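As structure tokens, here come the structures.
Next, two complexes with subunit A in common: one pairs it with subunit B, the other with subunit C.
Moving on to the complex of A and B:
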């Protein structure tokens, strides 16, 4: 109960901070806001001072900053995110659609990464110093160091161009999900493989694990009864930390693969100085972070019985 | 628990793999950078026009001359103030309703209340006369009305599309009808069997907005897209060597220009502006940075047939002559090689913006080339809004920009707003030329073709001689087309992707 209250308080703080920070940062961006909005709406080629002045008057852009921020906060309390300055659609409607696409991508990436990372990590941890262990170290370090942009392009070149197995970009078919999800998953898996490998190596060294072996249990049973839960806790906990990587990753990956999610929308909103959309998207991404972390906590609570007693 | 997760992933992967890949089907996949920012024609009307979902009263031929579209014919009154348009018979919108004069007048009246060229025409009233005639009354003669009516923002939608002045759905009359719209990224169309004109052979097409140029090029190369619009220089060079796609290029009426403040003490003499122009090695610049031979010899490229003047003597590269001109104005080289006059260094700020990534690169090369003749330039690569803003407050010295002259097939509208008597945000600054103004004024009044040509040449020659802006390069538009598509083309006026004329190879 207390945990839920804490999380709620955290969510409110995140909402306020994200709102304040995005607001300040947008104000600090160079260039005239009215010009950018007019360019976002009507295209660069028809934007002149007259069009910008019209936009400024329509949106009341010249009012003081503090007043504008107050209005935004007031709307937020009423759960009204306003309407997009560029498309004129309610921000909430746009976000719901984009969030669906982003969640689809993010969840697929997490599941894929859990399939790849921990499995390889555990195998490597069971045979410390082996061929798999050393190879995994090299590959996962390389993958984590490469920007997602490069990994994504590499995957497109391999699977889209050379093998011609998967479509390169777009969102018309389910198959379009594979490459972007895989790009994100590789980055996540690189870390969870390392975590799983270290955890497994440590568990395998422990006395209880060795005892289980000594008493003659088959290897699989030893792992299932004494290894799995112990290894799962750090992996799931680390997943929570990695959501930051995921949030930054969707922005890059969605743009690269033309995936119509919230990260893609955020980039375009920044170019068009579409303040309500920027604030809305940042808010939703911030809250998503809180929710996912809460889910990780809950998960650990289920896996690790020691926490229940505490 | 892991087993459940794994099963979930496996199922989702299987599902994903079982679906059919794009581009193997008979759907033309068009990919371009333009986002669909809204239904309103003032916002993304160009996408609906390019996909041929909607039509305008007037179209353009390959040279940019007005030709009939929804208007079958038109006449103009003797005083040039009343235009009468007769509509094509038997035109139906995609919802089955017939095209009526009332609907056309209403659509145009809504359009001219929003941003766009039509709002800048001296229109007094647009009214319907009976079922098939639309009358436009002007406060003064205005010959460019025809190209203005061809602008995508002046598209004609069915009455059911509107709720007041707001557009709530796209019901056009074009050869393709909209079947799916997922703003801001994609839409799908299918052939409209009730189309009044020549029926296209293509049955279905999709449009996808992809903002990254690398992704677009890869989509073309992998066969995921059949018609890819706007390639970056590096991808173009790479794709040119590939046999998986065909490349089609055309120079478009978008020019790289240097805007000069002709009221600035250093630049007020035309000799100084000419010197800056002579110091630019345009061919080297275009080949090195834009990677195509696109050196501008005058304001408009040859693809803009009616405004390009082949007889005009081209802008040339002659740094020695440039130095001579500056010397004749009393500038002398100082110790560091920079020109000095009356104790002032010939130092200027060049404002540009990175929205078009080639502009700051071009600026850097210009900086070097001008240094050769003793002109020191500081580059300020900032927000694109700074050029209009500094134009308005008078502080702009030099501005490097890209300007699209073909919002409509005849750039007269852009010329009026950029080079009118008071200059324009994206055009002349503190510059007037009587012969030019007279020509422009004549062009708004005179509809006669041969007289128009003389006046256009007079206007272009005045800009060439006076250099209120220095043309640097002409952009080239490149599309990558699947070899399976026949008769694919590229429209220099960017009004269509050509779906209505292309077909699948046998």
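Moving on to the complex of A and C:
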């Protein structure tokens, strides 16, 4: 219950921070804001003072700052994100479509990373000091020292340009998803493999684990009954920390692969100083972060019965 | 088995990792700042005759697509990254530690108030916050610096608060207080030794994430603008020429890899650090 309340509070804070920053942004647009926005909307040739006045009235640019900020937040609370300053389309309509693409990418990346990271980590942890353990350590340390876009670039050069196997940009069909999802997944897996490896090594050394072996259970059954849950808790908990990486990665990776998601939209909006779109995209990404964290809380609750008593 | 041997082995391995990190970092610093001392090519000077020239004995790092010296550009980009990262870490460290100690010392309302501010900043992923700040005043490294410091101080604050609270409640501090020592003495004598041990580790991680963030923003063309040499920006500029000049694209990648690797080696394993935070 407390957990849910905390996450709700976090969501409110996200909305407030985004609202505050975008409000400052629109106030600080250089030059006469109204003229600038009108020019962006109608083209530089047809802007006159009437058009600027209309924009000023519409965006409450004439009111004192505090009052305008209140109205700005009130719009945010009503989830009225306004229309894009560049395209003139309602921000919501654009966001809904982009959110679908981003979720598709994020979910595939998480699933892919869970397939790679914990599996290798557990195998390495079961066989500590072995060849796999040391190899994994080396690779994951190297991967973590590379920014996501470098990993993405590497994949583009290898699979897209040298081997000509996969498309490097766009989203026309399924194969376009592979490289961006894989880029994000590798970064996530590098960390979750190390977490899984440490957790598994600790569990494998514990007395209950050795006892289960001593009493003659087959290796798989020992792992399934005594290992899996214990290893799963830190991995899932750590996913929460990794979501920061995921949300940040979405911005960079979507831009690199021209994936038409929210991160891509955010970067382009910042480029075009399209404040309503910046606000909407940042809000949705922030809330996505909160929701993912709440999901992690829930999963931990299910996996680890000790938390239910607390 | 004697406990002495037990305690020594991990310490030894640690120092090996750390000294390797220090070695790489020192090399990069020398490479970055040597041109300032002995003089070198101008990182902005174009000469299309040299365009995409591979490394040679005259220019060890070759030239980029506009015939600018890669060595000079890499050094300038390193100065920017390292300088900005160091500046942000120091800016974040001082208020982070002071506020952390203050929160642990006074508790109650002050503790909750500072905690709430840090929570609200933490609600948004760091890069998003930096991205939005750079959107407010574009083309300005000062906003990058502000944004990164704003994200980094939270880690210092939280760790310091968590460490300082049990220390301030310990019998040792109580004894010092009863003996009449003031807060300055207690901070210097009891709190500082505990905190200073983790400063390097937090600082190295902070610097690594700052460097990554600067490069990522440069890469999506939102951070520093051309023609300023910046590692992420250099990569995106040189990407179209990777077939003719793979050496040019690989250089900034290698530099950022070495820089982050060195800082991570200095900091030690991440997992154990995050859990105590």
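To be clear about the criterion, the second predicted complex is superposed on the first by the 260 of 310 C-alpha atoms of A that agree within 3 Å, B and C clash if a C-alpha of one lies under 4 Å from a C-alpha of the other, contacts with A are read in each partner's own complex, and residues count from 1 in each chain.
Convention: a contact is a pair of C-beta atoms (placed from the backbone, for glycine too) under 8 Å apart; a residue touches a chain by one contact, two chains touch by 3 or more.
This structure is a prediction, so every number in the text was calculated from the model and none was measured.
Touch criterion met: A:157 reaches subunit B and subunit C at once.
Applying the stated contact rule after C-alpha superposition, one finds that A:226 touches neither subunit B nor subunit C. In the superposed model, A:108 lies in contact with subunit B only, and not with subunit C.
With both structures placed on the common chain, the touch criterion links A:255 to subunit B and to subunit C. Of the two partner chains, subunit B is the only one touched by A:49; subunit C is not. Subunit A residues 153, 157, 161, 255-256, 267 lie at the interface with subunit B in one structure and with subunit C in the other.
Interface residues of subunit B facing subunit A in the complex, by the touch rule stated above, are 1-2, 5-6, 8-9, 12-13, 15-22, 35, 37-38, 40, 42-43, 46, 115-117, 182-186, 206, 208-212, 214-215, 218-219, 221-224, 355, 382-386, 388-389, 391-392, 403-404, 407, 417, 424-426. Across the complex, subunit C meets subunit A through its residues 119-121, 123-129, 131-138, 212, 215-216, 219-222, 232, 235, 239, 242-243, 249, 253, 256-257, 260-261, 264, 269-271, 274.
Partner subunit B is touched in their complex by these residues of subunit A: 30-32, 35-36, 38-49, 51-52, 54, 86-89, 108, 111-112, 114-115, 118, 153, 156-157, 160-161, 164, 166-175, 177-178, 228, 232, 255-258, 260, 265, 267-268. For subunit A in complex with subunit C, the touching residues are 10-11, 13-14, 16-18, 21-22, 24-25, 28, 141-142, 144-150, 153, 157, 161, 191, 194-195, 198, 238, 241, 243-244, 247-248, 251-252, 255-256, 266-267, 270-271, 273, 278, 282, 285-286, 289-290.
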